[in-house]
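In what follows, structures are represented as structure tokens.
Here chain A shows up in two complexes: once beside chain B, once beside chain C.
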Partner chain A sequence: MKLLSVEGLSVRAGELELVREVSFAIAPGERVGLIGESGSGKSLTALSLMGLLPEGVSASGTAVLGGHRLLGVPEKRLKGLRGRTVSMVFQEPMTALNPLMRVGAQVSEVMTLHGRDRAAARARTLDLLDRVRLPHPAQIARAYPHQLSGGQRQRVMLAIALANEPDLLICDEPTTALDVTVQKQMLELIAEVAPALLFITHDLAVVASMCERVLVMYGGRVVESGPMREVFTRPRHRYTEGLLDASRLTPRGTRLPTIKGSVPSAGAFPEGCVFRNRCPHAGPRCETEPALTGEAHGYACWHPGD
Partner chain B sequence: MAMPAGTPVIEARDLTRVYRRPRTSLTRPGEAVHALKGVSLSVARGERYGIVGESGSGKSTLLRLLCGLDRPTSGSIRFAGQEIVGRRDLRFLRNDLQIVFQDPMSSLDPRMRVRDIVAEPLVAQRLPVGTRVAELLDEVGLPAAAAERYPHQFSGGQRQRIAIARALAPAPKVLVADEAVSALDVSVRGQILNLLADLIDAHGLTLVFVSHDLSVVRHVCESVAVMSEGEIVESGAVDEVWAEPKHPYTRTLLRAVPTLEGLL
Partner chain C sequence: MRGRMNAGLIVGGTLVALVVIAALVSFVWTPHDPTLVDAARKLREPGGGYLLGADKFGRDTFSQLMVGARTTLYVGIVAVGIAALIGAPLGMIAGMTPHGWLSELVMRVNDLVFAFPALLLAVMLGAVYGAGTLTAMIAIGVATVPAFARVARAATMQVMVTDYILAARAAGRGRMAIAGRHVLPNIASMLIVQASVSFAIAILAEAALSFLGFGTRPPTPSWGRMLQESQELLFSTPRLALWPGLAIALAVLGFNLLGDGLRDYLDPKLRRIRERTRRSERSGGPTKEGLRGVSEER
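Up next, the complex of A and B:
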């Protein structure tokens, strides 16, 4: 039984293919991490599931969440799902919240928009603010976003996301802008309240603390996927291997392992294997694109590590 | 400038800095914010000194004071033996101490070519530019052709290389890195940290490295000061602080950072 299943999701901007043939599924209650560096296509994948792609960018393929199709359906249908069946917490709470509205009104709004009456929504707002562990919910509800700290704002975002008890919560780098001690509390809270979770981050250690399964994206493709512990202890794709090596800080005075070069800009990735211009193992075979092979633990690489 | 060996390059004593919030009442002055409450530290020549703390800990205020960008409410700062608090002519400081900021997108002028960005510290001090730009770009691993381009044509890691080249231009003795790798992807972070280590060795630089991440500081620095609420709550050799943190706040900080080693 799958809650979300995505098949052959591609995102393009005109001629440019930004995300290519991404397929994955999330079971009810499952926590899945989507890892990759900036420019790998992970945020676009999430935005296409929310129907929030910017103008001029379009998605194709199929994505079904609890019987509802998410791609290629009219905006009117998506409006009914967004914020109710699936909701999202963004990276920067300062830009995601409306600076001119009290935060309580912003939490109630998402409920009244989905048909709850005003009084019930207002009452539930206080419960929600309490549930995301904001002290003095009644006071916080009357505050404006600028009066709150970064961590508090992100809790408000989470309260909005949870307001209609969605089946799936998508978090896009929800703690990147927060201090480490605040990050820890926020992660614990998300783990506690999330129904099913798609968690996007570039921080491998954060994924390891949150998710059971991971998808590794590079160049708009899923290059490796599988159970978190297995992928992180026995990576098969050379990109995953490079990311893991680079995440480990070696003792002082030693060289840090790195991946050579930098992530190309969109459209500048090589033909065939997208990673081959940075891969130390690349050979002639890599000029053909490898398919994602393997059952539970899949990888798209011609010369996997072991 | 000649200095007897063993003299600290930076010596700060009892620094305090009080900001005033804008007034909200006609009858009362604005609330005072004690951003620094008596901070003392000493950085030896050639040392790699880390400052760790979260937002609001006062580390940015401390950095601004050490770089002569702001004046303390009280206390003294000696740079290479010379007092900089209250001194007007800070040219020696501008030459000998340079900064690399966190976000290379906002610290590089988008309308200037890389050549002019890198040469600016020299031009501002009326020092000869000559072939310095090409040398500096080569040193940070950028092609000479980069000089004619603009910051937006580079990736985050490359922009940070440009910022480092600019910082090295006046041949400083002290390099201050303010969260210089925090905004970078992990695959690029290693490249920049390796580059910094090479440059520090090659030029015998003293490094002041500010970060919220104690594990990065442990890789880079020998000594560390942990800041919280305007005070240094713990300082010493980074390996000792890492292995046996004494202050409760340091322990909280260490526990809060998730590490792959700890989780797998």
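Up next, the complex of A and C:
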């Protein structure tokens, strides 16, 4: 039984196809990583599941979370699911809290919003702040966002996300904006408290430590997916291979810039295999689009590595 | 979270406070009855209990100025109140749904009203409904609506692209909750600044209308009408024009300075938050795309 199943999710902005035919599923309690360079369509995929795409951008396909359809349903229905059945933590903790509201009020609001009474919400707020390991919860609850550090604020965002015990937590680069020293603690916390997790990052080391399964995205497509260990030790798609090589540290500690070139802007990806213009193994066959093949470990590449 | 006091705030605040105090005191005490006509005191020179002298009807100028302050504030408060109550919600609606038809309509109607000078509107309303303080206030208020709507719209649009609005929506908050709890508090400072500046404009407009005979009716004292009544004596008794003129100028200056001062006072707070945000971005990881990028690329 799947908790979330996504079939043929496409996201477009007018004529431009930003995400194309993405399909995946998450089982209850499963932690799935979504990786890829910046501009691959990871955030748009997550936002379309939340129904929070920016204006002028729309999603098609089907996505079902615990029996609730997420795509093509009225805003009113989604509003009841957001923050209750599915929650999201964003990249930027410094601006994700209302600067003029006390932290505690922002945490308890998400509970009263979904039907809990005020007193219960206030009591639970302190529990939640404690659960995300914030010291002196009562003091933090009374503070304004600018009085907290980035790491503390991100913990508050996590508390808000967990307030209504959602079935699925989506994190979009939750530690990218944090100091390296706080990143690790934050990741451990997320791994510990998340019910089921869709974890977005461009940092492979992070995903390796967090997730059981991984989806590799490039050019708005899922180009490879499978169990974490298998994909990382035996990548098939040449893009995944490149990513892994690039993340490997040389003895001197510098990264090898193995993937040549940079991610094209939306709409400027080549026909056929989207990775073709950067791939060292590209051949004539790559001018037609490869389909995602393979069962548990799938990849979309004409000349896979082994 | 306090900004720094600045000269505009202090000078403007003092001038405004003087007007307010004069108006409040005038309710309980004035040196003389400001409307009492007395031929014996006609054009009485200053001195002997008549601090600024008397006008051509023998009315005490100082007392008239005090009660005139009341009229000025009354008109300003009602006019700005009308403008804010109509303009701010309209601007917020327009700002929260920048591509909706309602937003489009709001901005078009706004342009229409904007094209009408307050004075012209007041003269027209006065011609139809009769001149008077109420007509003047409504006309000035309606003519000031677009200024509020514009400020509210621009400020709302700024707030709407911030991450905390996205986070609020991710938490399941609806439009009304977002408007009331997140947008309004965060644009309030800009609305306060606008109110102060609009107040200055309203004072000037009321004075002009009263001067033209379309504003406050006699016998209610008004700075604009005092100016008008002093016209024929401008060369023989210039002080009769000087004092109300000075009162108008200082009150307008006061509200304008207060507006500027408030802007500087309230802004550093926001600026500091923005700076801190930028700093954290710089010290963070190497790639900073994500939602910020998404909203900027639109």
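Worth pointing out:
Rule of thumb we're sticking to: the second predicted complex is superposed on the first by the 301 of 306 C-alpha atoms of A that agree within 3 Å, B and C clash if a C-alpha of one lies under 4 Å from a C-alpha of the other, contacts with A are read in each partner's own complex, and residues count from 1 in each chain.
Keep in mind that, in the parts below, a contact is a pair of C-beta atoms (placed from the backbone, for glycine too) under 8 Å apart; a residue touches a chain by one contact, two chains touch by 3 or more.
Being a predicted model, the structure only gives us computed values, none of them experimental.
When the two structures are aligned on the shared chain, A:Gly83 is found in touch with chain C, with no touch to chain B.
Of the two partner chains placed around the shared chain by superposition, chain C is the only one that A:Asp172 touches, whereas chain B remains out of contact.
Once the two complexes are overlaid on the shared chain, A:His202 sits against chain B and chain C alike. Of the two partner chains placed around the shared chain by superposition, chain B is the only one that A:Arg248 touches, whereas chain C remains out of contact. In the superposed pair of complexes, A:Ser38 makes contact with chain B and with chain C alike.
Applying the stated contact rule after C-alpha superposition, one finds that A:Ile259 touches chain B and leaves chain C untouched.
Counting contacts as defined above, chain A residues 38, 150, 179, 202-203 meet chain B in one complex and chain C in the other. Chain C meets chain A in the complex at residues 1, 98-99, 162-164, 166-174, 177, 181-182, 185-186, 270, 272-273, 276-277, 280-281, 283-285, 287-292, 294-295, 298. Within the complex, the chain A residues that touch chain C are 38-39, 43-44, 47, 50, 52, 54-56, 79-84, 87-88, 90-92, 94-101, 109-110, 113-114, 144, 146, 150, 157, 160, 172-173, 175-179, 202-203.
In the complex of the two chains, the chain A residues touching chain B come out as 37-38, 150, 179-184, 187, 202-206, 208-209, 229, 232-233, 242-244, 246-252, 255-259, 262-263, 265.
Every residue of chain B that touches chain A in the complex is listed here, in rising order: 54-55, 155-158, 185-191, 193-194, 197, 212-213, 215-216, 218-222, 238, 252-253, 255-261, 263-264.
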